[in-house]
Every structure is written in structure tokens, then in C-alpha cells.
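Right after this note come the structures.
You will see two complexes here that share chain A, one where it goes with chain B and one where it goes with chain C.
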Partner chain A sequence: MPLLEIKNLKLDFIAGDKSLRAVDDVSITINAGETVCLVGESGCGKSVTALSIARLVPTPPARYVGGEILLNGRDVLKMSKTDLRGIRGGVVSYIFQDPSASLNPVFRIGNQIKESLKLHRPEKATDEEVIRLLKLVGIPAPESRIKDYPHQMSGGMQQRVMIAMALASEPKLLVADEPTTALDVTIQAQILDLLLDLKKRMGMSILLITHNLGIVGDMADRVAVMYAGQVVEMSPALDLLRRPLHPYTKALMNSVPKLSSNLQRLSAIPGNVPTLGNFPSGCRFYPRCPSAQPECANTMPQLVEVEPNRWVRCLYAKSL
Partner chain B sequence: MNLLEVKNLKVHFPVKHGLFSRVKAHVKAVDDVSFTIQPGETLGLVGESGCGKTTLGRAIVKLVEPTAGSIYFEGEDIAQLSGAELRARRRKFQMIFQDPYGSLNPRMTVGQIIGEAIDIHQLAESSSARQKRIMELLKAVGLDPIHAQRYPHEFSGGQRQRIGIARALAVEPKLIVCDEPVSALDVSVQAQIINLLQDLQQQRGLAYLFIAHDLAVVEHISRRVMVMYLGKVVELAEAKAIIRTPKHPYTQALISAVPEVDPDSKRKRIVLPGDVPSPINPPSGCPFHPRCPIAQAPICQVDVPSLREVTPGHWAACHFAK
Partner chain C sequence: METSPQPSATEAIAKADLAIASPWQVFWRRLRRHRTAMFGAVILVILYLTALFAGFIAPYGYERQDRERFFHRPMALRFQGGLAVQQYEPAPGSSKYQAVKGEVQRIHFFVRGDKYNLFGFIPSTLHLFGSGDPKHPINLLGTDQYGRDIFSRLLYGSQISLSIGLIGIVLRFGLGMVMGGISGYFGGKIDSFIMRFCELIMSIPALYLIMSLRATFPANLSSTQVYLLIIAILSFIGWASSARVIRGMALSLRERQFVLAARTLGQRDRHVILKHILPGTFSYVIVAATLSVPYYILGEVVLSFLGVGIQEPDASWGIMLNAAQNPEYLTNYPWLLAPGVAIFITVLAFNFLGDGLRDAVDTKS
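And then the complex of A and B:
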């Protein structure tokens, strides 16, 4: 049984009397010990999908319209508040993009980590355990650092504290929502190395959300690419990077400059990312797609397995 | 002749503390930086946050006052100019900013935003000439002339960045300082703006100082690249040379840390320990020595390495670079 199985998830945001579909028929599975990357641009629904795993999207304005989120076989969408409290920060832990906004500025970091321990492993809510966790995430001199306030630490160190806090409950799944976007590249390399190392040592699964395709190759076993609320391609990471199948994935990979390439001109994707409520009918990528056919404007393609383990949402996936 | 020549530029910010706001220390945001930009050239500037790259860009267009040093623009030192004299020179150098949301006045239409620049420098003789110029500029950056009637909030991030570029172009500058112009944009839109900047450079012979933290973007757009660390230039060379054969250990680590799309690349990642130290109290000797994998005692802790020409056209500030 997979650790997490999101099946045909549909989520609307209610705005006035309109209801806007932000997540449309998204299915993702994560096995134990696996790292899955969720890639997409702003507004594609990747964060909302990830937050849904612990039902952290406020309802209203959101509304779950359909689908299931099976965590260890139990549907999160049907859980009671008490059950949810157990999985939030317990089975599933989160780290976010901006650690300085996620930490409480008026509490010492040691106390904030201990708070997570009290909730999920009360017998271990001690200074020794906090120090062990800080050591685990590579914070030097943790004995003196537990008395620090968040503002006394750098961005990279704050993100390490967030990771320590997330690990306090020994989660089965760590959801990392753009964990390195706010950090410099050298610090990003440190944090990614740390995540890989912790995954190996603790045997947890990671759902890593990013817009940076470069991170995918270093981190992921499998990748799901999202566009305008839908998964458009899902593949083993190396296959996807070597030979993307969906026109959007291809275009995205061609539009980022690579180090030491002799490219004179980038191949830009025309137009803009469609905003919520303005998704085109038919295939959502067709107005920007270089290989669009008249058919694409009317027929919404389904996510189909075109090769073993490679799922693509494109009417012409086989002929491209 | 050099379009821009910066000599020993320093920008220090006082750190005030205590009852009478006494100056306790200085943040040496830019510390003794020298370089040149030729007409029509793109010089890339990379570094991590807090290294002083934005301050350097702002000092060149005189949005912050330099503490010492000179900035020669077409042979004339603008470092000490102010008021009307500076405003007249500003026509020749403009800036585009990172945040396309924060850098446009939300209460002005796009036409007013671009027209304001034309008015300040009195570049249009009549209102019809002014209108014609605005239309031309909008077309040049890939927008529709009818967009002149609209307000910034009606545009996406990429389109707003185009408006910012049109505003900078309105006064026909020779140099544009681009401060992280694509980092706030979606990946699929970044390439549009990079291509636009390159097209405009070819058509108009513009020079750019292109500030960014994304090395791949900088390599793509620049002829030469300059790397900063803690307020100092640590390496300066042709873009290809700096990416393929970096001489400074910091540049080597920075390049190796860039996540790569190509899964078959065999590049080895050098993970630097620790954080960038505080620029208020930078380390003695070489500012990079506490994190440097090849630092040797005592030379690196004592002697500040000067930026020297290691191979022709390739400058590095490291005792061991060769």
C-alpha cells in the first residue's frame, strides 16, 4: 500500500457566487521512502494540493468537491478534527518557503521545537531531545543555540530549525513547499544535502514542491508537473529530464538557460500563465502550445499512461 | 573609450546605536570596487544576498551616495554631482528593478508612467509627438499601444516588467542597470524578458549591468561576469571563462551549487560550510577564508588578496589562483 494516495482530488475556491476550480482531478501517489517532486509555476495549484494532504486549506473559501486523499489507507477528507490534529505535524510535517515567517518571533527556538515534541512525543519533550534534533539538522553548538530567538539566526539556520521542528514528530511524510527558494544557492545546496541525508537516515518520504527543474534531478525519484490546476505529466525523474513528453514540460525545460551552453537565444513560451478562473477550455496549455492542433481547443485531454510509468495529459502525446 | 569606469568605489553605511545614535560601526556594503563597462556591453554581476551587488548597482545610478571613489560616465566623474546637474546626466543611465509590482505607481496609467520620463527630460516637442513616442516604446517592448490607457494592476508580472523597461528606454539611455529583472517572474516568462533585453541591446546599442543571483541566466546574457563576496569583487572574467574555468574557490563553489537540469552531468557539488559572515565585522585577511576549502594559515587570515590578472583578461582575488 502506498503511504499517500491522492485520487482525483478536486478543490474549488468560492469567490462571491462563483466557484473557481484550483485543483482539478489531481492524482498523485507517494510510496514509503520515496521522494516525489511537484513542479509548476505560480498559481498552478501545487501548494494547495500539498496543503490538502493535512487538510490545511481553510474551508471556506475553499471547498473539496471530489476525490480522496488516502494517508496510510485512511481518507483525510473524512477525518474528524481530533484525528486531523494527530496527523498534522505528526504523520505529515511541513516546511515552507519563508522560515522567518513560519517561526514565532517571540519564542526561543528551543521552546518552539519542544512544543512540537509535547504534542506528538510527550515523553521526549526534553532539552536533550531538542539538542539531538538540532544536531541532526547540522546546527553548530546546539546547546547554546536553543536559547536563541529566530531573528538571531540566518535564513539557512532558520530553515534548519524548521526542519528540526518538522522532524520532532518522526513524520512518515515531509512536505517541503519551496524550501530553498528564499535561500542563496550555496545555502540551498546545504539544505538539499541535509534533506537527502535525513531521508536516508529516517526512512521518510518527501514531497518536494519547487519551480526549479534543476532541483528535480538532484532530489526526486518521481516528478509530477502541474499546469493550471492539473497534473500534465508524471514520470520517473530521470526519464522526464532526459526526454520530457508533454509540450509544456518540454517548453519549460527549453526556456531555462543552462550553465555552459552555447545557446544564443532562449526559446521563450509565448503568453502568460493563466490565472484562476481564466483557464482555457479544452487543453489548458493549447493557447501557448507550439504543437497545438484545432482539436486541442475543444477536447480536454486525460492523463494517460503512454509508456510504462509515464503519464501524460496531451491528445497528441504519442505522436509528439 | 569606456562608457563607465568605476574606480575604488566604496559605499559604507553607518550602524547607529545607543542614546545619541552614535555611529558604532560601518557596514562595508561596497568596499573598493573597480571595473569598466564598454558601450553596448553586458557585464553580469553575481553574488549571494548581502554581498553588495544591489548597493553597487544603485550607487552607479546615484540612488545611494558613494562614500569614496569615482564613477566616470563617458569620461566625466558623476560621483559628486547632485541636483540639476545629476538629473541632466541621468538621462544616459537608467535602472530596472526586481519587483515589477512595487516599482510602478499604481495610480498612474502606463501612458503617464512612460510620459513622465519624457516630460522630465523634455524629449517631446508637442503632445502628439509625446503620444507617438509612448506608442513606439510600447511596441518596442512587445505591448499593444492601447495598453497606454490601462493601470499597472491590469497586467501580469512579465508585462509589468516590460512597462518598466519601456520607462527606462523612454529617455534613450546608454546604460541600464538591471537589478534582478527576472527573478520575480515565472520560469516560462523569464525567457521572454531575457530575449527582449537582448533584442533591445542589439537594436539600440545599450550597455547593461545585469545583476542577478542565477548564474545560468547571467552567463547567458553577459559578455563578462563579475563575482562579489562581502562587498569585494573576487573574480572578473569573460562569461565562458568564469563558468568553465573559475579561478576563485568561492566562484567554484557557487557554480557547483547550481542545481542542474541535465541528469547525466558529472559535476561534483562543493558544499560550503557556514553562512556569509556579517559585513559589519568581516573576517580578517581574505573575507572568504573561514569557508574556503583551500585556505591556508597564516597567509589567508592575514593578507587581503588583491584582484590580480591571473591569466589575460581573467582577474581573481585569491592568493592561490593560477
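And then the complex of A and C:
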């Protein structure tokens, strides 16, 4: 049984009397010990999908319209509030993009980590355990750091504290929502190494949300590419990087600047991601797709397995 | 790994400075630099200390009447073989008093006098000062229409007038924070309901609301009951506006990532509101609370002035001013306005302090 199985998740945002589909028919599976990357442009539903794993999207304005989220075989969407509190932190923990915003500025970091311990392992809510966790995430001299306020630490250190908080409850799945976007490049590498190392040591699974394809190759076992609320391609990471099948994935990879080439201009995908409620009929990517066919405007493609373990949502996946 | 190898001297100092300063310490340091705020704070400390030790400092009990001396004028302190005041005697044929030439009344310290309970439960008869001679009492601020010592009554009255504000803001902001926090954090129907209720309360002119609320209770309540009633009524009216501001702050705070982070850890809503939303509103609450203390003091004054507050013979600044309603009294015996001066000083001190607090919590400057 996979650790997490999102099946045909559909989520609407209610705006006035309209309901806008933000997540449409998303299915993602994560096995124990696996790292899955969720890739896509801003506003394509990555974060909402990730927050849904612990049903953290506020309802209203959101509304779960359909699908299932099976965590350890139990449907999160049908859980009671008490059960939800148990899995939040207990089974799935989150870290976010901007660590300085994720820490409460008015409390010492030691106390914030202790809060997490109190909830899930109350017998371990001690200074010793906090220090052990800080050591685990590579904070030097943790004994003197537990009395620090968040503003006294650098961004990288703050993100390490966030990771310590997330790990305090010993979760099975760590959801990292663009954990390195707010950090500079050298620190990014350190944090990602730390995540990989901790994953091995603690036997967690990781769901890593990113729009940095460079990270994907280093971290991921499998990749799901999202566009306009849908998964458009899902496949093992290396296969996807070597030979992307969906035109959107190809376009994404073409927009990554390469040191080897002497291009004057970066290639970009023309146009913008359609905003919620303004999705085109048929394939959602066809207005921007370089290989669009007339049929694309009329028929919504389904996610199909075109090669073993490689799922693509494109009418012409095989012919392109 | 992430620290720069050699921080400059000024950086190091700034770091050391930050390292020891919790937000409260920073706040306190900024407050101490604010001259007028500290001045206000000192005045308030003195006022509250004298209120606490009112029985000891006041030479007479608040009920003690001297039927020989109605509307006695204030007696100035002078130095003549020790601290003393001029002796007075009733002028024959009129209700005035005249100084007895050459006679002074020495002030004695730590004399025995009227019974009182220090802090409400330690019975004592020891007073800080007194004349030691019942025929020649010391009325530093004169006496009122019943021959009661205004200075003593002012001190006893401050117990009510000053404490009413403190208890009042605890109630008001306690309620305001809970309701505002819930309203802002949950939003939706709960928010609409609480906010419409606040607006309902705020839309009624305060004085009529006060009077009608007071009228729902029997008229012949004891002063203690009235005291509690005044606090309850004023807080019931006041919490609505505080709740609205706190709700607005909660609305913005709940979108902060640390609130989401707390929820991802599985924190209860109650805990998130108490620990992560409400501390963010303290900067407003501290300032607003300080600035709204005068509202309670004046509220008590208004109610007592209108005759629905504290009842005679108990002392409060409001009931004392009640006597000054009569214009004839006012022109002939202006010392009856002493509680007005006390109110003025107190309100001013609270506003000074509130101003300083506002600057101290304002991190933008």
C-alpha cells in the first residue's frame, strides 16, 4: 500500500456565486521512502494540492468536490477534526518557502520547536530533545541557539529550524513547498542535501514542490508536472529529464538557461498560465502549445500511460 | 558556514545588543527614553500607592462628619516649630470661619485616629498624620457640606475611581480579544454574527445605553454592587470597538505563514488564536488599554454625578463632584472641585503614558 494516494482530487474555490476549479482530477501516489517532485508554474495548483494532503486549505473559500486522499489507507477528506490534528504533524509535516515568515517572530525558537514536540511526543518535550533536533538539522552550537529569536538567525538557519520543527513529530511524509526559493544558491544546496540525508536516516517520504527543474534531477525519484490544475505528465525523474513527453514539459525544460549554449535570449513559453475560471475548452495548454493540432481545442485529453510508468495528458503524446 | 568570518566592530556590538534583548526588553528600553511617558508613569505609581494606603494616609475616615465645620476652607501647610496649619474658629453670626491670630495647630505624625482596614482586611487605627486634637482637625483641602474632610475622601475615592479603570480594561480587552480573535480567525458566518452584534452595541448612544442598563437593576444597590455594575456596563459597551480593531488585526495575522505552519503541526484553533494571533495584537491592546482607562474613570464620574453611581456616604471622585453641581456652592466653596483636579491629573498621566507606549511599540520608527 502506498503511503499517500491522491485519487482524482477535485477542488473548487468559491468566488461570489461562481466556483472556480483550482485542482482538477489530480492523482498522485507516493510510496514509503520515495521522493516525488511536483513541478509547475505559479498558480497551477501545486501548493493547494499539497496542503490538501492534511486538509489544510480553508473551506470556505475552498470546497472539495470529489476524489479521495488516502493517507496510510484512510481518506483525509472524511476524517474528523480530532483525527486531522493527529495526522497534521504526526503523519505529514510541512515546510514552506519563506522560513522567516513561518516562524512566529515573538517566540524563541526553542519554545517553538517544543510546541511541536508537546503536540505529538509530549514525553519528549525537553530542552535536550530540542537540542538534539537542532543538531540533527546541522545548527552549530544549538545549546546557545535555543534562546534565539527568529530574527537573530539567517534565512538558512531559519529554514533548518523549520525542518527541525517539522521533524520533531517524526512524520512519515515531509511536504516541502519550495523550501529553497527564498534562500541563496549555496544555502539551497545545503538545505537540499540536508533533506536527502534526513530522508535516508528517518525513512521518510518527501513531496517536494518546486519550479526549479535543476533540483528535480538531484532529488526526485518521480516527478509530476502540473499545468492549470491538472497533472499533465508523471514519470520517473530521470526518464522525464532525458526525454520529456508532454509539450509543456518540453517547453519548461527549454526555458532553463544552459551554460553550454551561447544563446542571446532565453526561450520562454509564450503567453501566460490561464487564470482560474478562464481555462480554454479542450486541452488547457493548446493556446501556448508549439505543436497544437485543431483537435486539441475540442477534446480534453486524459492522463494515459503511454510507456511503462510514464503517464501523459496529451492527445498526441505518442506521435510527438 | 553561514556566518561571515569577521564581523565589523559595530556589527558585533549591534549583535550583542540584539542577542540579549527580547521584544519586551526592547519595548521597555524605548519606553524609558520617553520623558513624558515616564513622568506620567511616576505620577500614576504615586496615585495608585496612595490609593492602596488610603486609610493610612488619610487623617480621617471617609464618613466622619464634623458638624461644627461645614464648608471649611482648605488649610495651608506652614512651617512653625515643625509642620503646622493655621487654627480657625467659627466667625460669630455667619457660617464662615476666621483664623485665630497667632495660633497654629501642630501636625503630629503616626497618630491614632479613626478605625480603618488596611488593604481591606488589616484593622488599624494608625494614621500617617493628624492634629491629635479633635477640636482642631486638619482639613488640608477643606470640608464639604457635611463637614467631611475632602482630602481624606479624595484618597478613599481614588480607591474606587482608580481601580475601576484597571478592572474595566481587563474585562473590556479580555472580551474584545476573545471575540475579535475568534471573529477574525474563523471568518465567515461567525465573523458576520459577532461583528453585527458589535455594531448593534456601538450604534446606540453610549449615555442612553448606560442609563437604560443601569435602570434594569434595582436602584437601592450597595456601593460595592454599583461599583461592579458600573464596570460591567462600561465594559459591555466598550468591548465592541476593541473587538472590531482586534478582528481586523486577526484577519491579517491569520494569513501569515506562521499561522499556517502552526496548523500544519496539528495545533488546535484555540491554541492558534491564543498563541499566534492574539500576541500579535498586543501592541495595539497595550496602548488602547492605557488610553481607555480615563474612559472608565470619567464613566464612573458621569454615573455618580447623575446620581446612579456610587451612593453617599461612600466616596468616589464622581460622587464628590456631585456636590459641586450647585452653582452657589461652586462660587463660594471652590475647593469642592478638588476631585476634578485629581481626575484631570490622572487622565493626563494616563494619556502621557499611553502616548509613550504607542511610540515604544511602534517598530517603524
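List of remarks:
In this section, the second predicted complex is superposed on the first by the 315 of 320 C-alpha atoms of A that agree within 3 Å, B and C clash if a C-alpha of one lies under 4 Å from a C-alpha of the other, contacts with A are read in each partner's own complex, and residues count from 1 in each chain.
Convention: contacts are C-beta pairs under 8 Å (C-beta built on N, C-alpha and C of every residue); 3 or more make two chains touch, one makes a residue touch a chain.
All values reported here derive from a predicted model rather than from experimental measurement.
Contact with chain B, but none with chain C, is seen for A:266 once the two complexes are overlaid on the shared chain. In the superposition on chain A, A:85 makes contact with chain C only, not with chain B.
Of the two partner chains placed by the overlay, neither chain B nor chain C lies in contact with A:16. Within the superposed three-chain model, A:157 lies in touch with chain B and with chain C [touch as defined at top].
Of the two partner chains, neither chain B nor chain C is touched by A:308.
Once the two complexes are laid over each other on the shared chain, residue contacts for A:122 go to neither chain B nor chain C. With both structures placed on the common chain, the touch criterion links A:187 to chain B and to chain C.
Contacts of A:169 after superposition: chain C is touched, whereas chain B is not reached. Residues 154, 156-157, 187, 190 of chain A touch chain B in one complex and chain C in the other.
Against chain C, in their complex, chain A makes its touches with residues 54, 56, 60, 84-90, 93-94, 96, 98, 101-107, 115-116, 119-120, 140, 148-149, 151-152, 154, 156-157, 162, 165-166, 169, 187, 190. Within the complex formed with chain A, the chain B residues making contact are 48-49, 156, 158-159, 186-192, 194-195, 198, 213, 215-217, 219-220, 240, 243-244, 253-264, 269, 271-272, 275-276.
By the touch criterion given at the top, residues 41-42, 154, 156-157, 184-190, 192-193, 211-218, 237-238, 241-242, 251-253, 255-261, 263, 265-270, 272-273, 275, 288 of chain A touch chain B in their complex.
Residues of chain C that touch chain A in their complex: 1-3, 18-19, 22-23, 188, 256-258, 260-268, 275-276, 279-280.
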